[in-house]
């Protein structure tokens, strides 16, 4: 489809990238019910790896089947579907070309404990190309004592992805020895994580909706001195988006833990009002019965469609 | 532009480098308001990564936007603009060719604590070439227990940069288990850090203005026995410049923490009087309103233009 | 220097290139007396290799010396200086950084006869980087039975140059078994050669001013049917420029054999009127006494400066 | 120059090395005032990195300048000049070819404390070739818990150096958790360190003059049982030289800390009498005023010239 | 030895080369009886490969022995000895370090006929390094239909040699389908061959003394129009040296076919008077009895020593 003005504007922020990468960014922006709006709703399903199958799929057992998710993403009109290697391989032969695929190239399981948080690097740019993916996804844990090796693996992957014409999506999840539990979703930390991901060369940054809490003493002084508003989620989203190159990098937000439909939609409205580029919604979608999930995703997309 | 005698003299110190590297050193020396004088004022913006976005950009919120900084550097007549990968990618398609760019290839965030200081290696010589940069920048932390791996990563980057015709700028920031807090800016330690950076093959060395304090007992004996003057900042700058191959390596100084305009200029005058090749001025520039920043940078350049 | 609107417009045609390559195109466009106008006058000196030293340099024996030419290019305010490896190596240590250098990476001598025309590939992209060059230059001979190996060597060089941030200039000289002697400069053939060079990925195309002659029978029918004007050199230049992507690739013209000053300037006026982006002027410059050469180049630049 | 019988004899011990490496050993043996004698006096200047600039150079401030040292080595008739990358790069373009250069490829600073001693690997065999060096120098710390990684880095460097025709000089400095402070210069330990360096493939071994002290209980029994003489420095030097393959590896001795001229010469006489191949004399040379340094080096060379 | 002013001047023409390459050029210039004069007499022995053993060595059967030649070069005070891999390997273990060695890395035998002339590429830069050589030597045959593959092999060898710090000597022998027999030594062709070798990046060019004959019709016009003097050998040498970058590349001349001593010396006097940098003298040296050869080489060196 012809690019809308908004898509052109967004692509103009990625002028140092080659046409291949920009075309794949455009594919993400131009697919599904939100095509052309500059907004994205992405279905990610990596919880099987991250939390185990029963926790992830038993609430809606259809989700044990990899076909279920990608078909849900297609039917809901999501912009893209993201998953680890196995789930992508299970469907790419039929769905690559029907919906943009995002290969999540690192993953972390929860069977081993007591380590500094660090995901395993589990698939490659070559895998993404052979599977017809539009982008790779990579998780960093700012705050972990292993952050530097993570950033350095991302450097190599990003370099290769950009050379081969893929887009790069970074899941920025603050976590580890440097942070309190509350600090993981503190507004200053979330904004900092978005900045780090963008500085590392991410095209799309994914963070969690920040809480009204400030972790770092030095940051607290600045928030206080300049009266940076953080009272509402919308305030905080606005700060995070601003922190990602003044809104010149696509920032999307996860839905967080599963919860009630009204709660989800209320949160999305606040997120959208803050200037978010969209949501990445996993458990809240696939753990519901299919009809409910389709309805919810449709409602979420409506919120973004009418956002400023 | 035709090289001035001073630029030719400076380039003559780098006779072991290939013409490509020397041309990029010349580009740094021949751009902006100080072109041809042998002095440099560089705008670096890596604080978003190093300190987080709010602390860095809220004092002048225009700075959340990557375009703001490079345009500031251009308009102020800086010799170059230095930043991490993301900020460079955000502007290189429009600004490479308008102002020399320096890709800061390692970075350190402050979300993780309690480790020996060590930056992550976040971008490459290949990135610098594809983005049209004149130089790479790299930070070392002499005093850290991880100094050796840092020096060794720098070795590989320097070798590749010199082969491909790029210049190498080393930020030498003493820090870590081997040093007291005061020792980080002690005059003996700063001079030692400049020497280390130069011995590692840096073309340009960046250090902090040293304080009138001597950290190492063995060094103290020498300073005392030979009456090395350290009372004034000018004295100390002179010692640091001498310590960088008797002034045959370009040494530039950071402005340190943000402060008042008069203070900044007074300090620059002392730095310039000590034989500094210039300043790298980040927060003191971009955290001010744009008009003030332009005025300050212009005043700083005037100081260097009239320095010996 | 800040890009002019015209330079920005020209650079916008090369949006698939990385910032490094565009910066080097900008360097060519922003140097010398025509800086910023979108016009170029380049001094090429490969005749020593192509025609032998006496034929090339005896008319002005200062030209035996490699320093002479690059200094002439600097003093005349040319946009760039182009030469084979030896001539570039002889001056790059002093001139890289003072004027954009173009490494001519293939060359052909005239001591061997009776073969399909084909240049030898004599230097590399790595050489261009270590010598601080802004671009590589490569000659193709459309019409030669060896055209395909030439295009294929160019493919590899272009790929590497574009990855490493260099620009690519193609000398397109129709020649060989497929063409009559007159056909080598026929208007249809020159336009075809410009099209081939542009299709091969050249950023800048260099051809000879076309004669009012049509070589190919099939082309003749079209020129006749559509009354493509070819009577004046200006007409023919316009057709060639149009044939290089409707003027969206930089096309420059050689001056051909040495001749009188008035003749040269008259020809340049016609070339400029046809929309040429500039001239590459070797023998007509360096075979004259230096003062005359400077005057002629200055006059040529004046013509281009006042061209539409 | 034609090899003397002594040089031929020495070279005959290195018959497994290729002619390139032997030619570079010959270069070391055939340069300067001791050319052809089989003795060497080498000027090393790595103290700027190892001890910091003021401690190293303030006693004779001319030494802040890299040109000073290599010119001192040339004028004194030293066999070679050894330094880290930065000091070598600062002079190689003018001095490579005038005096054999030794690139010290690892270095250790003293700003960081409390670690097992280990130098950083700071330059490469490729650097040595491009800078025209005859040899690489590498420090090992037998006694350190990190000795094995050091030996293994040396293995790789030695393999490459020997393939490319360079000589390898090993600074063997016992140090670390395994040794008492006195043990670092114990005669048994020094001899052991020389043996290790030779076994690791060093062509030239550099150790400190050993003290009359035996560190290892097991060694002590042997020294006692066989009455190995250690009373005089000459005795101890003889044991160390014997320990380096019965004198079939070149062993040279450092002068240690700066001291008075008479002391230095007295010590050199004892070292020479013990069969040392020469001295490596840094601080005792470059920390003196130039005239005194030239005199001292000349006197030292005289001692070696008249040694057996 | 310390560089003379003349050696410094010559080295200044090679400022784009790394210090390693310049050191090896200095080695060639600083060895033997002509050390420091800027003149060279080199003994080359590749006739065994090129013409067969009996033709080469029977006139003086000592020459069947590889030791004979290198010892002759040493005893005569030649600047260097050049030979193919086998002859170099036969002596390098004893002579590398005593005299600069030049590895002739391509060779052509005369057992196969009827082909376009082209040497085989028979040894490598790695061989040169392991054998302790200062330079590689390579023959090109301008005029051959296979000239382009030759130039392209030379490109790769030159690139590697320059990276590894070796010098490159090109034997430029016009030959092949493009030339008459007389044309092979025509003055225009010889000058052209010297230009080609220099443009290909040779540090030292070796050609045959040109005859008073002009091969190319286009060149003839220029020689006539500008009255380029060619009557005497001195005239012609001057033109060839000028054709090698106005004398800024080292050009040396072969002695050609064996002839009488007086004839040889008379020719050398004319060559030297024309500004030649020296001679490469094979058959005229090694086919004479040793005493005569030493005398002749000594006389040749005297001629060069007293040349301007």
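Chains here go by letter, A, B, C, D and E, matching the order in which they are written, and residues are numbered from 1 within each.
Rule of thumb we're sticking to: contacts are C-beta pairs under 8 Å (C-beta built on N, C-alpha and C of every residue); 3 or more make two chains touch, one makes a residue touch a chain.
None of these values were measured; they are calculated from a predicted model.
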What are the mutual neighbours of chain B and chain C in this structure? A, E
Touching both chain C and chain D (chains): B, E
If CA atoms of chain B are superposed on chain D, the rotation in degrees (nearest 5) amounts to 70
Computed over C-alpha atoms, the centroid farthest from that of chain E is that of chain A
Interface check for copies chain C and chain E. Shared numbers divided by all numbers used: above half gives same, below half gives different; which is it? different
So the centre of each chain is just the mean of its C-alpha atoms; given that, what is the distance between chain B and chain E in Å? 49
In angstrom, rounded to a whole number, how far apart do the mean CA points of chain A and chain E lie? 67
Can you give the whole-Å distance between the Cα centres of chain D and chain E? 40
Go ahead and note the Å separation of the Cα centroids belonging to chain A and chain B. 35
Two or more other chains touching the same residue: where does that happen in chain B? 15-16, 18-19, 92-93, 126, 131, 163
Edges wherever two chains touch, nodes for the chains themselves; is that graph a line, a ring, a star, complete, or other here? other
Can you give me every chain pair that touches, using the contact definition above? A-B, A-C, B-C, B-D, B-E, C-E, D-E
With touch defined as at the start, can you tell me which chain B residues reach chain D in the complex? 13-17, 142-145, 147-149, 151-152, 155, 159, 174, 176-179, 188-189, 191-196, 198-202, 216, 218-219, 222-223, 226, 228, 239, 242-243, 245-246, 248-249
Within their complex, state which residues of chain E touch chain D. 1-3, 11, 18-27, 30, 74, 92-93, 95-98, 126, 129-133, 163-165
Using the touch definition up top, name the residues of chain C that touch chain A in the complex. 15-16, 18-19, 163
Seen from chain C, its contact residues with chain E in the complex are 48-49, 51-55, 57-59, 61, 64-68, 84-90, 92-94, 107, 109-115, 118-124, 126-127, 131
